[in-house]
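You will see two complexes here that share chain A, one where it goes with chain B and one where it goes with chain C.
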Partner chain A sequence: MITRISADRLPELLKQISELEKLYIPVDKSDKVSVFEEYEPGKVMSTKLNTLRSAKDFFFPQVQPMAKFRMEGKKIEVIDPRTEAEDYCIFGVRACDVRSFDVLDRVFLADPVDTYYENRRKHATVVSFACSEPSETCFCHSFGIDAARPAGDARMWMTEDTIYLEGISGKGKALLEKLDLAALSAVTDEKAERDVQEEVRRVHEIQKKMPLYSLTPADNREKELEIFHSPIWKELSDKCLGCGSCTFVCPTCQCFDIEDFDGGHGVERYRCWDSCMYKDFTMMAAGTPRKTQLERFRQRFMHKLVYYPIRNEGMYSCVGCGRCLRRCPIHMNIVKVMKAMEEDAQCETKN
Partner chain B sequence: MRNEELIPRVGVVTEIRQETPDVKTFRVVGTDGKKLFEHIPGQCAMLSVPGVGEAMISITSSPTVEEYMEFSIKKVGVLTSWLHSMEPGQEILVRGPYGNGFPVDTTFKGRDLLFIAGGIGLAPLHSVINYVRAKRENYGHIDVVYGSRSKEDLVDLAEMQNEWMNEKDMNVYLTIDREEEGWDGHVGFVPNYVQELNFPTTETAIICGPPVMIHFTLQGLQKLGFTNSQVFTTMEMRMKCGIGKCGRCNIGDKYVCKDGPVFSFDELGELPDEY
Partner chain C sequence: MQDELKKRACELLADGTVNRVLGWSAGDFFYDITPTVFESAEDINKNFVYNDFCGANLSKYLIAESQKEGKIAVFLKPCDTYSFNQLMTEHRLKRENIYAVGIPCDGKVSAETLHDAGIHGILAVKKDGDDLVCDTVYGEKRMAFDVAQDERCRSCKSRKHVVYDELIGEEGEVLDSHRFDEVEKLEAMTPEERFNFWQGELSRCIRCNACRNVCPACNCELCVFDNPKSGVFSKAASNDFEDANFHIIRAFHVAGRCTDCGECSRVCPEHIPLHLLNRKFIKDIDTLYGDYQAGEKEGQMSPLSAFTEDRDAEPSIVQKGGIR
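This part shows the complex of A and B:
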């Protein structure tokens, strides 16, 4: 069941949702940058393809307080800083980022469950936003993601003059049912269904013309050690600065650090994003097993394209959002790695 | 408060023993005076001091000890130095247990066992050895080969001499790297000593120690005819979460904190050699 609303009623739609629960929408910060922010009347929703940082922030924030400790003499008191989170809605998440939640769920919700993540995750309703103009750095298609028909609790399409809404999960349908659709002059009819079909078809046509459309990840689960020892890594990692930008913009990177901060009023333990591209990441008193950037670079891509799929029935830890293609200072990225793996495999076969 | 994997509990250090110049053993109980949690030999716990640091430490005591847990810790960094300087009665933070532990009630059951340790590498094996001693009838013959730099660096020497050496059907072979006064035992490196002792391939071997020692000991065992599936070790990697999420101890498709730290060399052979 798809409902259509005139596009100029979007501000009213957002306002209605924000009256039901806390609402986050993507907002433009400059020509090139959009970020998710809490909605306030007057804020305009961005139609850019990707926010600068991915939507993983909502469930796995860059910095997450974990515990507080009060010390007195030899005694320690442990305090859980969390209060039960309230329900909230993330509106306008792209198909790639929606898939990244599945990738993260398989890590954080695997036994034993990470309750910090779980708490944020279960309180969220995700309304996705179908892409109308996939860009040349997009390759979600390679991972079986449909940018024109995104997953989520509910989804939205936007054409020049109309927005279309469809509930998917119980949670998403419940949210839409709570809206006063009559006040938005919304119509639920056959035309809405036909319009969406046409829009999906149009977007699929655009995708076919995109340079990365035919990129297909190889199933390398059986060739783990072969690829690990392949000579491709030297050349690929040669110029890597080890800056970690790719990991911070990546919607599926989930490595973190746990540290204590002593601000003078007790100690706060927090976790924050970390990167396997950093030398300290695996440093122990006796040294690190990943001594050069080659090993650290290899770890990141092997994890996404080989190790993670071995552990997760072939699912890749990449969603083709293209953020790393746009952000890497030396123009290295996972697409080049996938292509190098492919060429290497073809050489092997020939030999 | 819910039982949270990532939120530590408070433990009280009730006793501290100096084992060697740089190894101390810490006895820990909960604030109620009871053991904090049950564990399997070879499992680890995250110990921390607020504002100082947190580290994964193997539980040295056997699960058959009902009153407390013990940790033998070498002074190597910031946190361990802090632990070495504290006094009994100090509270610390403990969470766990983490990891798979040794297959004491399955693979090891009924088998002749050969424990090989170097330096502080005895700590994780101590728990298994005393578990096996406590359930002596479930296991066959026990051999222990243990070596350190010098006599004073041998951890748990008194316990070995007074208890292990008197245990039924159990032999303990000690060695130190260089000759010294007051030592009339074996002198030489552990891998060579293992070769000399020529253990039968009917034994299941468990190795823990510095990487180089593990490497050459495994080679020696292979020469004696041991297969990789009958040799086990426990791995060390940097860890933060202990539950397979933070990514630090990831090797191939495994997380050492959750899927390990105990692996057979058969299992390790299927992983990238990044450890």
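This part shows the complex of A and C:
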């Protein structure tokens, strides 16, 4: 069941949702900066393809306070900062980022469940936003994601003059049912279905013209060691600056470190994003297990394209959002790695 | 120009002047430029690229490359030559292993600027007079080249190469670029406005270290922020102040050594105008110690490490007989 609403009623729609629960939407802070922010009347929803940071921030923030320790004499008081999250809605998440939640769920919600993540995750209702103008850096299609028909609890399409809404999960449908759609002159009819079909078809046609349309990840699950020892890593990693921008803009990168901040009046323990590209990643008393940038670089891509699929029935830990393609200082990225892997495999076959 | 550079690169390999060439290559698009070491004419002919998107400063790569066996040729744009000199001054390069070729630059463009302007599905870009013309799957899109250029290029400080073994193309001039105009805008703010400006910008920092790792002046073997024993070690901020702390400390550490190449802002995935922080320091140094351009000459002494009694901003700090 798809409901159509005139596009100029979007502010009213957002206002209605925000009256039901806390609402977050993507907002353009400037032509260069779009971020998810809490909705307030007057805030305009961004129609940019992607926010700078991915939506993983909602469940796995850059910094997550874990505990506080207050000391008095010989007594240590441990304060748990966790409180049950309220229900909230993330509105306008793109198809790639929606899939990233599935990737993260398989890590954080697997036994032992990460309660910090779970707390934020289970209270969220995700309303996705179909892409109408994909870019050349988009390749979600390669991982079986439909940018024109995103997953989520509910989804939205936006054409020049109309918004289309469809509930998907029980949570999403329940949210839409709570809205006063009549007040928005919403119509649920056959035309809405037909319009959406046409929009989906149109976007699929555009995708076919994109340079990365034919990019298909290989099933590497049987070739773990072969790829690990491949000569491609040296050349690819030689150029890497060893910064963590790919990791931190990535919606599926999930590594973290736990640190203590001693402010003088007690200790705050927090966890923060960490990057396998860093020299001190998983540093132990005996040093780091990956001493060279080659090893670190290899780890990141092996994890996304080989190790994760091995453990998750072939699911890749990349969603093709293209953020790393756009943001890597030297434009080294997962697409270049996938292509090098493919070329290498073809050479092997020939030999 | 690209063909000329390719030809010269192949010659330098063929006549044994060098055994490697440091340049740029592209991937699936013409703009996804990666600094690359070439070892054969075949590789150069196939993959070497020099276009409007080759903004990456190659000088820093020479720290590692010049330690390797044999000589390497490197293509340096005018502003990259300042970084080169600065690295020489800091004894970070093995000069005898480098053959520097100065090449012209008309200003560089980041594809991010095109994307941010809503130009998507880009298939090709060409120059048409003063415009960049983008061929996209959504039709032809135009953007004035002047607007598309990085800010560092719009306010280019110099088209002159300050060091080279060989020059391709015509030599340019040091420019009166008004690059401090942006700094003056910040100085004109009230302290509160300025604090809010930087807080707004720096609060987006994700501590990915791209600015630091790309920076030619940031060439420490172990950065204080990566050293657990330094007391400022951290991977992320536990509070708002700390991200600012990272950038302020970094700006102080590179003060007097930053050549204003602008790589920090080019690579910032959060589009924070970090170079303005460094440029403010440059302006202050100019004001307090007289005009000084880091990297202008090899071996020059930074005003911050050279005390002169008559010209120092704080002459009372060092006096005959010690601090009083």
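Observations, loosely collected:
Throughout what follows, the second predicted complex is superposed on the first by the 350 of 351 C-alpha atoms of A that agree within 3 Å, B and C clash if a C-alpha of one lies under 4 Å from a C-alpha of the other, contacts with A are read in each partner's own complex, and residues count from 1 in each chain.
In this section, a residue touches a chain if its C-beta (ideal position, glycine included) is under 8 Å from a C-beta of that chain, and two chains touch if they have at least 3 such contacts.
The shown structure was predicted, so the numbers you read here are calculated from the model rather than taken from an experiment.
Aligning the two structures on chain A places chain B and chain C next to each other without any clash.
Of the two partner chains placed by the overlay, only chain C lies in contact with A:325; chain B stays clear of it. Once chain A of one complex is fitted onto chain A of the other, the partner contacts of A:258 are limited to chain B, with no touch recorded for chain C. For the superposed model, the angle subtended at the Cα centre of chain A by chain B and chain C works out to 90 degrees in steps of 10.
Looking at the shared chain after the overlay, A:244 reaches chain C, while chain B stays out of its contact range. Of the two partner chains, chain B and chain C are each touched by A:274. By the document's definition of touching, neither partner reaches A:182: not chain B, not chain C. The minimum CA-CA separation between chain B and chain C in the overlaid arrangement is 9 Å, rounded to the whole angstrom. With the contact threshold set out at the top, residues 257, 274 of chain A are in contact with chain B in one structure and with chain C in the other. The part of chain C that touches chain A in the complex is made up of residues 26-29, 31-37, 56, 111-112, 115-117, 120-123, 136-138, 204, 206-210, 212-214, 226, 228, 234-239, 263, 266-267, 269-271.
On the side of chain B, the complex with chain A involves touching residues 1-2, 4-10, 48, 50-54, 76-77, 80, 87, 89-93, 210-211, 236-238, 240-241, 243-248, 250, 252-253, 270, 272, 274-275.
For chain A in complex with chain C, the touching residues are 31-33, 35, 49, 52-53, 62-63, 65, 133-137, 206, 209-212, 238-239, 241-245, 247-249, 257, 259, 261, 268, 270, 272-275, 278-280, 323, 325-327, 329-333, 335-336, 339. Listed in rising order, the residues of chain A touching chain B in the complex are 66-67, 69, 71, 74-78, 80, 107-108, 110, 112-116, 224-225, 228, 254-258, 260, 262, 266-267, 269, 271, 274, 276, 281-286, 288-290, 295, 299, 302-303, 307-308, 310-311.
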